């Protein structure tokens, strides 16, 4: 066993949707206990990558390793059984259900007894606490999520994942719709969770400065490929911006 | 006529959804030719305010003035006839329709002739040009928007509004899902449009630094009220952050 | 009280009432209809025989509606329910003829129905045929099968069986079954993971599967449940009318069941639904049908009046009752 | 070539083919069915009488399907179509009796149908009753109205009218109407703002109204269109079978029309749809019905075989044809 | 027909188009067709509409013409709609017979012959019977689906006869629905709302069974209420035997099939010289007195058994 164990590794992952190649050979490693920030252009394949790591999509080719073992993630349930949780960019909320039901979706609290009935009271209370912790105010946790604002909805999705005891957390633009104050509170929460140990995190972000603050390592994706990887400490917003522009110009000229 | 004309003004606007008070007396002015940045907590009522200004919701009470005249905005069409265009936070895209049809939704290009048939070719070409301008790459403008990434979708919605010859542009978190490079290009585009004159813009944003860069004036909303307004030049990210935290603490203590 | 506790508890009651409001509204409509018919004809409710007969209008439609509701929440539908309704009692009949004891024969009939549901579900879910088409296919298939095995002729259910009174022969047995099944299904829908996940996968199929919910397994189960309930209803009705008829049920009853579900507040498009609403929806249809027949509306004008009453009741439901409630607040 | 031009033009062809692929697939199914029936019975296609008869199986279902498709795209449905089908020719009949010339009487019949559509639309859209319930109400109402005004007895359409051959009496006139209406509706759906906005409001009703599309006006229009087409079909069929029957059409034809739409690729849930697909869907149902009748299947087993064939054809449609196409690529 | 003295001939195919293909009433008709075609070396097809949809029936006739059937039989349940397709069949050299329902008298319908009972007349006779049983008061006439052409004429006939009788009978017509379950409940509803009624009669099989069932449940014969209807569903026959229903009308569905095949055969065998002759298949009022044979036997001739059989009979033959 090497000193720094790997939580997740992908080798040369390709994903095609019909004629569209979303991932064109991506190799990445998520080390045990680190926060890996993924940055990149729109449509670069970041969400597609995350959906493969969480078992929602299956790669067209390439290998996946979870905790060092080669694994074919068959389904979201399968990935979850291996301790992988995800916040999807589209949030995966059921509009007509209440906030607290959404927060515990597919991880409901069950009452004792033979009928395995839902413990709505417990879920309701835990949901309220949890939103309090990340500083998001909602009129009532009984409201259907369709009545919430964009940021409130995102908070529900993030709270769901963050409270799941996962060992690997995949967050796809978790702060995109968050107010500055709420984003700060969530970042604090994530850092606290990380500090407890045992948790490895992939975060897709668009805010370079925020990413460099929170991530241990950053990775840049463009057009289905990883174009840059570096320890967060040894790079800067300017350097990242430069690379993006350079790569983009290179692509454009080669295409013409 | 005063020297700086007002494009839009709201006086003491209240909006209730059943028992929820989303806007609790908001007064604001958008001056002719300026960019007004709105910042604030999640659930503060920013999107609700925008939806009232664009005629989608009607205020429970309060007055609206467009170009100085008191107006009750009856519908989105009504507002649009007064030159008001909007990018909604939920983007308002029709998933099964192609990119180019979405980009021209309800503002389609029509062929000459008695049957008023759609000019798909023209829309296709203009759509491709337009996405090129904001540096967003899509495999084909014929793709249904459901196959797009989050940022690509947002680009479609923004491109739609920006190309509409509106006199008043309302943008609800237009950059939330945008990559850093694409966000930069869109900001450039908006500044170019503004420079041409005649355009007034409201932008809801969560990124304080970005907002102070682009906006002429900023406004802070919390719990359905405007808690702060200032010229962008005379405030700073730190000051804004301070106010948010202070107001929030005040609210919390008074609630207990 | 802190903010947390407030969000966690305070609005619980009104919010629940709001969630249930569609059921309350349609219940008010049912009540008003009862009052109307009782005024016009005093035999409508207050004699045992009338009440019993009314209950028999409601029961079969309601039970089938419960199954359809579970499917409709997920955006699916079972068009074959009416044919399965006719099919199951024949299977029971043949099981009896083969010498099985009545209780086992009933079970065999219900299982046969469930098998149709399994086919509906498997074809829809695994072969990705829209359920409207799948169950249109099984609708025709099961209808043909029933006609073929019955040779088109009705037969009698077991007579003098000790089970018969429980199974529909006794006037109130069917409505008791209906209420019991309604209670069980309500709990299933509102208080178990199965129900919650059914709603979630109807509201956002992609999101539900992103959350790891096994949407396909749920749907399969709900198809089986719907067919099973339809078959069971067919058996109950066979005992009640003391005849097993190859023409029983049919598209008519399926149609009424779906209508009861929609009237009760379950949208065809899925994403939400209510069992209690479906029960009351079936009651509204039953009251209208029974009531107008009881007061003796002529054959030709009957449907005209029924149609107008359905429209009127629903407009009342959505507008007048809501306005009245607003005034109360 | 620059990137812009590429995105703007290059993938146009394959992407269109992909968009149309559901139509192409179901067309392949229709072709294969034709080949099968032609092999089993050489009279299936290649005699004039057969072709004419087949066309008459297809035409009425198809025309009604076109209207339902427009509604279904927006997540609505018109259950009353089959009753309007029976209603319109009676109004035409009474208009004739009142002394109007045939062409005007036909117009009056179609307008009466459109009025039912107006009611369907207005109640659904402005009173916010689910269309399933609204049109269930008008279904019963119009049925009762037809029975009442007709006294339950069939009457004859105008005989020896110069218009009759154009209006269904001549064997191919109905299918020619069908093709003409299909073409017009296809253009309406795919090449006008009306069609585009109908799709947009089905795919995302909230988004469409945020974009300023007048969702309610569109729906109202589509309800009128659907009823108008149903009434017109009823008139065509009355001329064809030279009888105006109060029980004509009914739920059966509405059901088949919706099925044709779904088989052709328009989901019940809305958001997308295709007129050409609906036409081919009606053709598949017509071919199966006509073909099995022609090769002499008896009524009892007919439905069994029809049901199995529907399932088989759709599974073939979705899986085999797709796999074959993949192989080609 | 090998057994007879006919030279070898083609296995002629006769297509029976029907208006209610799956109705139990026509099960014995199909047995009659089976037996006759087997006897005569022919084939048959049973097709049409399940719910009296005229367009569907016309399509089925046209399909039979296209498939080059040798003979066609169709109940003419619509006064005009079958004129053209039948003419087309005749033009194509295919003989067409009407069975079970015929074109109205004076019609120009070119069918060769009719085998069956006049629907309007059968209703009329029921009406006369009702007028003979009841002097005044409320009489309910139940119909499954008003306007449906195989039953509506009966209702019209019954109403006409009752009116003609001049008695002070108040007739109400009630729709009961397409399935037996519904029919029973609806009849019960009407009765519960009108417990002073004097008679309940039905013009279709399912409603007749429903009437019998309600008569039994509330023991109405004891209160002087009369009931009756059409057809011989097993439950109907049972309850006539138990005295709860005054009568039901038997139209002999078996022979409606059998004779039609025979007429087609003789027509085809004789090159069109022999055959077309109207056959009145009769109208038998089955009452408590005459119901026994229906009960004690379970035969193919009444559709209750598939077994081929010869039913022995004894004693004098009564009307």
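Read from first to last, the chains carry the letters A, B, C, D and E; within each, the first residue is number 1.
To be clear about the criterion, a contact is a pair of C-beta atoms (placed from the backbone, for glycine too) under 8 Å apart; a residue touches a chain by one contact, two chains touch by 3 or more.
Note that the structure is predicted; figures quoted are calculated from it, not measured.
Q: Trace the shortest chain of touching neighbours from chain B to chain E and give its length in steps.
A: Graph distance in the chain contact network comes out at 2.
Q: With one step meaning two chains touch, work out the least steps from chain D to chain E.
A: Minimal hop count between chain D and chain E: 1.
Q: From the centre of chain C, which chain's CA centre is farthest?
A: Chain centre farthest from chain C's centre: B.
Q: Can you compute the centre-to-centre distance for chain C and chain E, using the mean CA position of each chain? Integer Å is fine.
A: 35
Q: For chain A and chain E, let me know how many angstrom lie between their CA-based centres, rounded off.
A: Chain A and chain E have C-alpha centres separated by 72 Å.
Q: What's the distance between the Cα centroids of chain B and chain C, rounded to whole Å?
A: Here the centre of chain C sits 47 Å away from the centre of chain B.
Q: Which whole number of Å gives the spacing of the CA centres of chain A and chain B?
A: Measuring from centre to centre gives 27 Å for this pair.
Q: Give me the residue numbers in chain C that touch at least two other chains, ranges are fine.
A: 3, 11, 147, 151-152, 299-300, 302-303
Q: Give the residues of chain B that touch two or more other chains, as numbers and ranges in rising order.
A: Touching at least two other chains: 19, 90, 137-139.
Q: Mark out which residues of chain E touch at least two other chains, giving numbers and ranges.
A: Where chain E meets two or more other chains at a single residue, that happens at 22, 146-147.
Q: Under the stated contact criterion, what part of chain E meets chain D in this complex?
A: Residue positions touching the partner: 13, 15, 18, 21-22, 43, 45-48, 50-55, 58-60, 62-63, 65-68, 78-81, 83-84, 88, 92, 145-149, 152, 155-156.
Q: Show me the residue ranges of chain D that touch chain B in the complex, using the header's touch definition.
A: Of all residues in chain D, those touching chain B are 3-5, 7-12, 15-16, 19, 187, 191-193, 196-197, 199-201, 203-204, 206-214, 271-272.
Q: Could you pull out which chain D residues touch chain E in their complex?
A: Those in contact with chain E are residues 41, 43-44, 47, 49-50, 52-53, 56-57, 60, 146-147, 150, 152-154, 156, 237, 240-243, 245-250, 252-253, 289-290, 293-300, 302.
Q: Can you list the chain B residues touching chain A in their complex?
A: Interface residues on chain B, with respect to chain A: 17, 19-20, 39-44, 46-47, 89-90, 135-139, 147-152, 154-155, 173, 176-183, 206-209, 223, 240-241, 244-245, 248.
Q: Residues of chain E touching chain C in their complex?
A: Residue positions touching the partner: 22-24, 26-27, 30, 143, 146-147, 172-175, 177-182, 184-186, 188-190, 192-195, 206, 209, 213, 218, 233-235, 303-304, 306.
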